[in-house]
Structure formats: structure tokens, C-alpha cells
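Below are two complexes that have subunit A in common, paired first with subunit B and then with subunit C.
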Partner chain A sequence: MKLELDEYVHLESPLHRWDPRYKLAGLMALILAFSFVRDLRMLLPMVAATATVYLVSRLPLSFMLRRLRYPSIFVLAAVLILPFLAGQTIVLSIGPFDVRQEGLLAVLLIVTRFLCILTIGLILFGTTPFLTSIKAMRALGLPAILADMLLLSFRYLHEIGNDLQRMQTSMTLRGFHRHRLSPRGLRILAWLGGSILVRSYEQSEWVYKAMILRGYGHEPHPRDEFRACSRDVVALSVFLSTAVAFVAADVLWRYGPAALPW
Partner chain B sequence: MLSEEPGVPVITVSNLWFSYPERPNVLRDVSLTVLPGERVGLIGPNGSGKTTLFLQVSGILKPSAGKIVVFGMPVVNGDFRSDMGMVLQNPDDQLFCPSVRDDVAFGPRNMGLSEDEIDARVTEALSIVDALELADRPPHHLSEGEKRMVAIAGVLAMRPRLLIYDEPSANLDIRSRRRLIRLLHASTETILIASHDLELVLEVCQRVVLIDDGRIIADGNPRDVMGNDRLMEAHGQEKPHSLLPHRFPHGKSLE
Partner chain C sequence: MHIPDGILPIPITAGGYAATAAATWYSVRKIEQQENPRRHVPKASLLTAAFFVVSWIHIPVPPTSVHLVLNGLLGALLGYFAFPAILIGLFFQAVMFQHGGLTTLGINAVIMGLPAIVAHYVFRMRRLGNHDSRTRTAVFGFFSGAVALGISVAMFVAILLGNLPADFDPAIERAAVYTLAVAHVPLIAIEGVITALLTTFLRRVQPELLDDV
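Right after this comes the complex of A and B.
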């Protein structure tokens, strides 16, 4: 599993140059707006907006495709179940199973929204070094403890992954086949998971000691190292306007003009 | 008082006792004095209390009884003191920032130094350990030897006057170990080293303390303590190879 999110931060694009704080605010607003979308007519503009931002970011397509693979497993359950359970209008019958129109449309909405939101998230972290993103979050008011937790989680995913790999290798060397599932095999995999958890806990205690030894918690004040220019503000305005437009259009389509607050 | 006058102890440990909840009396009535500029090696079997003693001196663990004074000031549990630094046994426990530069800057930043001063210290510390070219690399992509050097740089950047090394040569190859020994030789700080690498202790330290079952068993010249067969064997140690009489003197062919 590829964990590095920021392998293309060296590229040159308007999104790479955008002040990380403004980028965080602008792209998060867009993600929030996408999560509000309920009307199917909004899907095409949503995909178009996402594709445009992705093109502007100049990130390679492979970057997105490789990273969408694993999170997509989470929506698989919805894709497999909803068409058969949600709604009344049967459009197709496969043996004893009926495929329903409402379920299909719900899947279309969920999958499109999921892919657009995830892609925007990838653009956010793919165009800014991870540490800079964390610093931008701090600058926007994220509590230090949460920022540190994020940072350490990201850092130690590698360590846990390496530990897991080493332990699996040693199990294989002693004749264990993890793909051959059996009650004993499952029990051993559970032990492996437990062992990883205990190791991570013990290591986190040592990491904390090491941080205390170098003065963790005594940092006098967080530095404000970002300098924004008018271009950053203009870009933020564009993204905020787009986000508001998405929410307003969705409300308009679904409930009519009377539902808008203005 | 932050004295470092000759003869005035850097560390004074008096009648120290410590127990973990599940392991009583890990340290039993330990008393130890370390003078400025001394390089003291702590040897002893696994679980004898070496790391526990270091964590007490660093203020990470609170003694069950007894007192520790470093540079004339009592060690208070949880206090941050930049005048002493500890390099942990596993460098992965210490290197947690996304880049080497950020990691080495972690301590100086917590000391509230200016950005210029932080940059200068990072460059200086990385130069001392000969790792300046690693500055922009992520720590988890480094070799074991490189990680060790970067972990040392992270502590050196705080410019501590007392340096504590816990198993500094563990998992190092010959070249990295030699680099470490050169670095330790060149240090002017007061140094405590816990190690199973007795040859390193013999080469670097002017004094050795043998600790077993939470007690100080012997304290003295490394050649006298580690050259004592009976003492070493009684406490699960082996006389270092270089102190053994050589059947085949160095420089002569085996034929």
C-alpha cells in the first residue's frame, strides 16, 4: 500500500504555489459543498469541477488511480447492496434478485460524491508537503495536540507497516501461509494483529519519552511562516464562491427558489 | 546554580531506589557521582537497571526514593532540561518528524530559539555527525547507521553539557560503529554510555560502572573492572577480547 501522499509536491502548478492555508480552506469548502449534494443533476458539474481542479494541479492520473484503489473498498458494500434493497421500481431481475432504480441512483450519487471528495482530498495533500499541511492546519486554529497526533499517525504508519512486513516474513519462513485460511490461521493472524498493537503502544510510549526529553510541550509559540498575496485571496474567493454555488444550486433543484435564504 | 567547575560533580545520585508496578526494586540504593568531562560506561546484563537509571537522571521516571542532582539542580520529574540530552536505544523512537532537518530542529525549537539560531544549530549538529547531506530526507528511509547519527544530531543540536547514550552501537555495522567511536572521542561533554559493546566502552570511557540486579557492583578503571575475570563472569559479562592474553599476537601470521 502506497502511503506517500506528497511524492509530487515538487511539481509546478497554480495549486502547488497556492498558500497552504488558503488552499486548505478553499478545498475543504469544496469538499463540504460536495458532501451536501443530493440532487443527481449536480453530479455532472461536480465531476467537471473536480476534473478541472485535478488538471490544474498537474498531478499524474496514476497518482489518483493508485490511491483510490483501497478507499474504494469502503463504498463497495453500498455498490453491492443498495441496488437490490433500496426503492420500489424494478428495472431488472437477475434470478431471485431484483435490481431497483432508486438503489442504482443512490449508488451513482454515493460513488460520484465519494470519488470527487477523495480526489479533492488527494489534490490537497498531493500538492503540499504533509508537514506544511499540518502547519497550515495549526495556523488555521487546529489544536496542537491534534496536529501532533496527525503527524505522528502519518509517520508511524510506515513503522507499523514495516513491523508487519517483518513479522509476516518471519511467519512465512517458519511455514505459515497466510492465504490458506483455517481456524488456526485466523487465530495466528489475530495474534499478529494483537502483537502489532502492543508493539505500537510500547513504541508510542518511547516516542513520547524521546519527545519530552527534547522539550515537547515547551515550544514558546507556533511560528507563522506563511505569507499570502492577493493571488491567494482571489483563488480562495473563487473556490468559496464555487462551493456556495454548489450548495445553492442543489437546494434550488431540490426545493425550489423559496428554500434559499436570500 | 549551573556550575561546571572542575571537581564539582555534574551528576550526584544519592541512595536511589526505583520500582515499576510489576517489577519491584529495579534500582536498589544506587549512589553515583560523575565529574565534569568524564566519560562513564555503564555495563551489566539485560534488565540490570541501566536504562532505568538513565531515565531517572533525565527526569522521565520519578524515583521511589533518593535524590538526583544534575549541574547543581535537583532533577524534577517531567521538567525539560536542555543542558542534558539522551539518545535512546532505538533511533526509530526518536525520529518522528517528516524530514531529518525538522527532527534535528525539534529540540532547539522547543528551547524557543530564533529561526536563524535553529538553522545554525541544525547545520552544526548534522555536520558533527557527518550527515548534512541527509537533511531533507525522511528519517524512515535512512539506514540504521544514518538513523543513529541523525538521532545523535537531534540531541547535539540542543548543545547539552551532559550526554547520555543508551546502547549507541546496537545494530551498527563496523564502519558506522567506528564513526560513532570517533564522534564519542571528539566529544567534550560529560558522557554516560550504557552498552553491551565492552570494546567500545573500553576504547571510549575513562571509567566503568558495573551494575547488576539494580545495584552498583563495581566502579573504577575500565581495564581493572572489565579485566577481572571472576567479577565479570559472576555478573553475566565476558572479559573484552582485547584484554585477553592473545595466543596469536596481532600482526603475526597464523601459520
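Right after this comes the complex of A and C.
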């Protein structure tokens, strides 16, 4: 089983070199600002900003396109449902179906926001090794228990996933038809899930003993391994300013200058 | 059943993050009150990964197939670790498979995690009267799985339909709610059955798993 999250973390780009803590804060601020946008006139600047960051990251286009496969189901559902069901103003009739303006505009807003946020998220985790991202979250205040759980779950995810694949292959070779719904089939699938849980539980006992032998729970708090330089701070300022600019511009377009707090 | 990025307005996603922060803080506090809380971390972590993997098992529902949510089973087995475990699982799904999203991580954790805690208490009720039998494990296993998914579906539909940036005709909205609810009834039943089968399997093979964490 290959999750391919760290496929392009070895590339050289300003985003790859950016301190992971600052990158997390800067790109998350941009993501939140994008989710704030509701004015359609902000969509084009949003797409332009996303494309620029993606170009700077030097991630190949295929990386993003490959990862759009699952989310495209959602995009398709939005395109197929909203223009026909949401709103009052009919702009086009296709047979018995009316296409409504409000639904079309809602699709445009949702899909653009979705794709931009998704792309920035891919840049965030596609330009930093996943384990480094978790350490950066810990450095930014993630509770120790959550950070430990994240690291350990990620460490064993691949292994347990491979166990499942092996067991499913064995079941198929022994004549199990996984596409047929029957009480016996359900029981077998439940036992498959149960076996995975039991194996993981037993393995966790050994993992815990190994961790205790290595001093888990008694080690001094590890020092932060990140060192930021002025370039990281400047990059963070640029991203925070961009995020604030998006929010301010959206408020300005929607409610006029009186709505701004300054 | 994960809400993707881009749909919900910022007050809802921010509210989701606030509720998730509160629930995580409460769970971590409860965990830290246990004797030697770190002892359970490897167990909860490996089970989190295992739950994530088990949710990839596709259950045939002709003409298609569905995957399990398992938030009820998670609550039943992991107790207060269930909420952090769900949060981690959703984070992995958002980052690795682009299911759900980063801005909706909080609200999705609320939709999946709070029912898991309800399921934890439902499953604990099997011990009422100090009488724990295979049948009781199956019955309370079924209810913990079905109730958790039922609550999650109700929250999902309410949050999604109530916050789309477009107005539905009230009749269409009602029809959508009924359709979604009816479409999920077989899935709720399957989730309950699988949870019942899994809990009875674990009771026979590894009973301490039902009591330990």
C-alpha cells in the first residue's frame, strides 16, 4: 500500500525551504481567508493567488490532478444538483429541468473555493515530509498525547494497510465473493475487521514495551529542531497580509467601506 | 459523509473547530486523569490506524458498495480516546485522500466524534445489573453502531442543507432531507450489524479489548 504523500518533498523551491512552522501558519491563514470569501468577484484573484503559490512550489501538475480523483465526485454532485434545485431565477430550460441562476452561482463559488483550498492544502503537505509537519504542529502547541498518537498511527498505517490487503487476497484465493451481500459474507467481513483490530492490539503491547525500554514517558522534553531565519518571517508576513487582504476585500465588496473595522 | 472544503461559511467551520478543541481538551483531560495515561497511547494509536484501515473494507450493497464509518465501534472500544482518534483519522483522510477538508476538519470531527462518545455510553450500558452476556454484547454493539451513525447522518444533513450558499425551495429541501434519511437507513442497519458482529467476535477472541482502553 502506497500513500505517496511525501513523493515530491525532495524538490527545491522556496516553499520546500520555508520553516515548516511558519509555512503551516501562513498557508493555513490563506486557506481560512479563502473559506471566508463569498463575493464572486474575489474568485479570480483567489485562483490567481493559488496558481502562483503552486507554480512557486514547483510541484508537478500531475501531482494535483491525480489527487483530484476522489474529490471530483463531490464537484460532480454539486454541478449536477445545485443548478437544478437551488434558487428561483430560471435562466435555461432543458426538457423538464430548469437551470437556476442562484444555483449556478453557488456552484461556481463552492467549486472554486474548494479547488483553491484543496490545492493550498496539497502544497502545504506536499512540500514538507509528513513527520516534519507533525513536529511543526507539536512546536505550535499540539498536545503531546495527540502528537504521539498522530506519529504512531502514521507509522503503523502502512503496515496495517498491507496486512488488510494480504488478508483480502487470501480470502479471494480461498473463494470468498466480496461482491455478494449475504449474512455469511457480512460475518466474514466483520471477522476480517476484527482480526485486524486484534492483531493491532497485540502488536501495540510489544510496541509499548519497546517504547518503555527506550525511555518513553521519562525522556526530557525534546528541544525544538526548527530554526527560523528572517526570510521565513518575511514569507509569513507576505502570506498573512495576503490573507487579511482577501478578507478585507471580500467585506469591502459585499458591505462597502463602512463595514471595515478601520 | 465528510463535508468538503468550500461549502460551509466561516462561522460554522470556526464553530466546528471551537467545539472540537473543547471536546479534545476534555478527552485529553480525562485521559490524563487515568493512572499512567501514556500506557494507553500506543494501544489507542495502533487501534486508530487499524480503524482507519478497517473502514476501507467495502461492504457490498448491490448495485454498489459502501464503506464502514465505525464511529460507534470506535466509541465503544476506545472510550475517551475515541474523539482524538476520530480527529486523527479525519486528518489523515483530508491530507492523504482529500476526503473532507482542512477547514471542515473541526465540524467533521464533531459530526463523527460526538456520536462516538454517545456510543461509548450506550455500549457501557451492557453491564447494567452486572450481567454481561454474548447476546447483550451483540445488542448493545448493534445499538452503539447504529445510534452513532444515525446521529452522525442527522447532524451531517442538518449542517449541510442548512448552510449551502444557495436557497432551496422548502419542498425540495424537505424532499432532500427525507431522501437522504431513507437512503441511509440500510447503511445504519448494516453499520449496527457489523458493529454487533465485531464486538461479539472481540468478546470471544480478545475480551480485554472491550474493557481495557
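The working rule: the second predicted complex is superposed on the first by the 191 of 262 C-alpha atoms of A that agree within 3 Å, B and C clash if a C-alpha of one lies under 4 Å from a C-alpha of the other, contacts with A are read in each partner's own complex, and residues count from 1 in each chain.
FYI, a residue touches a chain if its C-beta (ideal position, glycine included) is under 8 Å from a C-beta of that chain, and two chains touch if they have at least 3 such contacts.
Source: prediction; values computed, not measured.
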item	value
Partner chain(s) touched by A:L131 [first = subunit B, second = subunit C, both, neither]	first
Partner chain(s) touched by A:Q203 [first = subunit B, second = subunit C, both, neither]	both
First (subunit B), second (subunit C), both or neither touched by A:R38	second
First (subunit B), second (subunit C), both or neither touched by A:L152	both
Which superposed partner A:A235 touches (first subunit B, second subunit C, both, neither)	neither
First (subunit B), second (subunit C), both or neither touched by A:G215	first
First, second, both or neither for A:R187, with subunit B first and subunit C second	second
Touching partner for A:I123 - first (subunit B), second (subunit C), both, neither	neither
Comparison of subunit B and subunit C by subunit A residues contacted	C
Contact residues common to both interfaces of subunit A (with subunit B and with subunit C)	130, 151-152, 154, 156, 203, 207, 211, 216-217
Touch list for subunit B against partner subunit A, complex	55, 58, 60, 78, 80, 82, 85-86, 88, 90, 92-94, 96-99, 102, 106-107, 109-112, 115, 140, 154-155, 158
List of subunit A residues in touch with subunit C within their complex	3, 5, 28, 31-32, 35-36, 38, 67-68, 70-71, 74, 82, 85-88, 102-103, 105-106, 109-118, 121-122, 124-125, 130, 143, 145-146, 148-154, 156-157, 160-161, 163-164, 168, 178-181, 185-187, 189-194, 196-205, 207-208, 211, 216-217
Residues of subunit C that touch subunit A when the two form their complex	4-10, 13, 24, 28, 31-32, 37-39, 41-54, 56-62, 65, 68, 77, 81, 84-85, 87-88, 91-92, 94-99, 101-103, 164-169, 172, 176, 190, 193-194, 197-198, 201-202, 205-206, 209
Residues of subunit A defined as touching subunit B within the complex	129-131, 151-152, 154-156, 158-159, 162, 203, 206-207, 209-220, 223
